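Below, chain A partners chain B and then partners chain C, in two separate complexes.
Here is the complex of A and B:
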């Protein structure tokens, strides 16, 4: 296979993977209004757990890590997602219950840095600063894949996983649960007054989002076979935020568009450009700056994103409008019938 | 026991740097009501401006360079606020829009610093100091000077807030911006001055961090930012005296713990204290009742 197709399938992989990551952050930030600045930490937990679970016992591998169960493909990914969710429960119980938005943002940024610091320094956990490597390629044995054919194969697998997770996510977003999330995002006081427990719903949203983060991370480590701390500096959270804000907060199609524009075209495509002689890393630095500038420009001129959130109307609202009574406040009321679109 | 006293000495130095940084962050947060996630990168810029004045081009004395670098950072903070933050803050009522903008700016500044100065570790041009022994503490003269600067800044900020018209206006604005505006306070002018002070203090903190640590790196400010957050939250967000007290608690705790556990984890000690504070006193140790 020529190098060109190798690049193309790498880009396709990252497109689908960031689609999954963006959906996870979108349910936390876009749907429920939790400013999760530690998102990349959950991605990393998913990646490390998936990697460590699929690697064989650490004795004799030259690496130090926990687990080492040699778990096969879908199970290691699930485990990564579940562990990320479990950590999210812990974080939510401490931080989400009583903190105002600004405190929460500070605590989560700090959490992201501390996770980074601990995993970097505590070698027995996930091999410290070297990270995990030589992670077995999933299903390579079953389908007799070579190093070359693995890349397109796994890009397709990731696409299928993304499709499944998209289906689940749209079900969640169109369910009463999703409506309650949006009510809490718009005004958690009102949602609380209608008998919803904002903390309980925020916790649920954190768990779902962290699962998506964990699965996305797990796919990354299985695709590349390695994962180390340089892959998840706290600033990476910002890239995922850029994906969902550029794409359109609160809209799953927007997530895919954002992943294409930001992650694929801006972050990964320039990585294939030749280095500017005498200035190692300069392209990468400029690239990151462009992402930051793009985000600000988007926020200023089109804060709703490329694909804006659909305005959801309940059947009752449509009926009222037909009778000329105008719009009514129907958010967060589960008994109001199905969404009228 | 010697080790313990040594780390107490280092604790004072860290607390001094931390106090300058925390007060700068707190001043701005009290007035504008959103957190500046680019603050750590403001520190880095201040440190590198100082580096330009001191080692790269002008070869001035490191302390004069520090003053110039800090003031330059203060001016830059005013410009950034005028061009970016204040516009977003006026346009969007929810503060997380501005917070995301500061987060984005942090990434931009970090990469600008990387592009200009590269990822290598730099050091200021200063004479190698002999260690002075004061009581049980072993410190360099530069570290003593850092502490002195910090004390002067703290006293200066406290006096300014208590006695001057500017300080009273700032306190009024931080209590209730609308009420302050209707009482005839020029809130925009106060905001501009606050950004200048916050920027100057961030630059100063970045430079003295570089001086006391002996090196500067582009990412040092970002790592330090979380320690500042810890100090500010432990003290109570928006409270200046809380920020000073929080800085002393966190600074001492991180350095003293380094004498007993692996120093690689000393930042995590700050996080543990942060979590404990949030569990038992979620508004900080010295928070004021918000009216």
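Here is the complex of A and C:
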């Protein structure tokens, strides 16, 4: 396979993976209003757990890690998502019960720094600062994949996973549960006065979002075969925030557009561009700056994002019933596309 | 038999009772020992000068903030310092003095949030009992559209709530509370800042709610309105219950007149 296609499928992989990550952060922040500045920590947990579960027993591998069960795809991925969700429960119990949004954000930043330090310094957990490597390529044996053919194969697998997770997320967002999330986002005091327990719903939202984060992370470690501290610097959380803000908070199609614009075009594409002569590594810094500038421009001129949250019209609610079973897919593709306003 | 009509057992003929409620903000007593009962199935007015603590009392009764001391009962259940969602599920709904619409939701969605214990609010039901979810949602949509018709908001059903005018937001708050089928409704100045025609309409709505068995406690400044629709009046001054009774009795009460009613009564009866 030519280097060109290798690049293209790498970009496709990151497009779909960040689509998943963006949907997870969107349900937390865009739908429920939880400013989760620790999001990348849940991505990392998913990555490490998926990796450590798929690796063989650590004895003789030159690495130290827990688990080492040789767990196959997709069970390793599912486990990564579930463990991330379990950690979200703990975080929610600590941080989400009483704190106001701004304090909560600070506590979450602190928690993600603590998590970062623990994982990167406590070697027996996930091999410390070296991180995990030599993670087996999923299904490579079954489909006789080579190092080259694995890249497009796994980009497609990620696309299918993203499609499934989009279906599930649309269903949640278009349900009464999604509506109650948005009520809490708009005014959790009012939601409480209407009999909704804000903490309970925020907890649910954290669990769902963390599962998406964990799965997205699990896909990353399986795609590249390794994962280490440089992959989840705490600032990475803001790249995912940039994806959802640019794309359009509250809209799944916006998540895909945001992933394309921010993650694929701005973060990953420049890595394949030729270096600026005499300034090695400069491009990488420039792209981070470009993301920052784009974020500011968007917040200034189009805070609702490229694809804004759609208005859920009563006619749609009435028509949905008539269409019966096919309703979720139709609302997802047709309804989400409408830009509202 | 329902236990709420037998006074001999001490069971409630009162929808709400509070004893010696206190609440301070940074040392300033906003509510300094409020004690009163709200009779079931009637409309009670909570009046008093600005800063008397009326809104704070409503916040305490609805669980929006904990009291420093004192007790509250809702239809015979002690709900002292319960969180607002638990009080709401017991059948107490409220509106806000400064409207708090769910701005990003449509008018219809504002109402659809209100029903308690919706099947579709459970992740499990969404994926494993989709038919039950859809059936309940259909019923709720139909009831919400009916309610919007009643309150004259039907044409605005697909507008985002933040786009409504002040008066429309007041109506939306009442409609949303009604959608939750409350036993007790607390209204914090439901007619403040709305035009006279709408004041009359809101008055009618409140009388209709009473007719359907809802207990109403409303904060209201306009004594003409109080006279027209309220059965009882509670006067609050400096965080304390100054007097309770019928408005006509209170007019004769020298304390009340001096503390509060004097100027207002004179102003409103002249008008």
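To be clear about the criterion, the second predicted complex is superposed on the first by the 310 of 341 C-alpha atoms of A that agree within 3 Å, B and C clash if a C-alpha of one lies under 4 Å from a C-alpha of the other, contacts with A are read in each partner's own complex, and residues count from 1 in each chain.
Definition applied: contacts are C-beta pairs under 8 Å (C-beta built on N, C-alpha and C of every residue); 3 or more make two chains touch, one makes a residue touch a chain.
Quantities reported herein were computed from a predicted structural model and do not represent experimental measurements.
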Between chain B and chain C, positioned on chain A by superposition, is the outcome a clash or a fit?
fit
So in the superposed three-chain picture, is A:198 touching just chain B, just chain C, both, or none of them (first/second/both/neither)?
second
On the A-aligned overlay, A:171 touches which partner chain: chain B = first, chain C = second, or both, or neither?
second
So, does A:95 touch the first partner chain B, the second partner chain C, both, or neither?
first
After the superposition on A, what does A:309 contact: first (chain B), second (chain C), both or neither?
second
Touching partner for A:186 - first (chain B), second (chain C), both, neither
second
Check the superposed model and tell me the shortest C-alpha distance between chain B and chain C, rounded to whole Å.
5
Which chain C residues qualify as touching chain A in the complex?
62-64, 83-85, 88-89, 93-94, 96, 100, 102-106, 108-109, 112-114, 116, 118-123, 126-127, 133-134, 137-138, 141, 145, 157-158, 160, 176, 180
Okay, in this complex, where on chain A does chain B touch?
35, 37, 94-95, 98-99, 101-103, 105-107, 109-111, 113-114, 117-118, 121, 234-235, 238, 241-242, 245, 279, 281-282, 285-286, 288-289, 291-293, 295-296, 299-300, 303
The answer for chain B against chain A in the complex is residues 29, 33-35, 37, 84, 87-88, 91-92, 95-97, 99-101, 103-108, 110-112, 114-115, 119, 222-223, 225-226, 229-230, 232-233, 237, 262, 264-265, 267-268, 271, 274-275, 278-279, 282
Touching residues on chain A, where the partner in the complex is chain C:
168, 171-172, 175-177, 179-180, 182-183, 185-187, 189-198, 201, 204, 208, 250, 309, 311-315, 317-318, 321
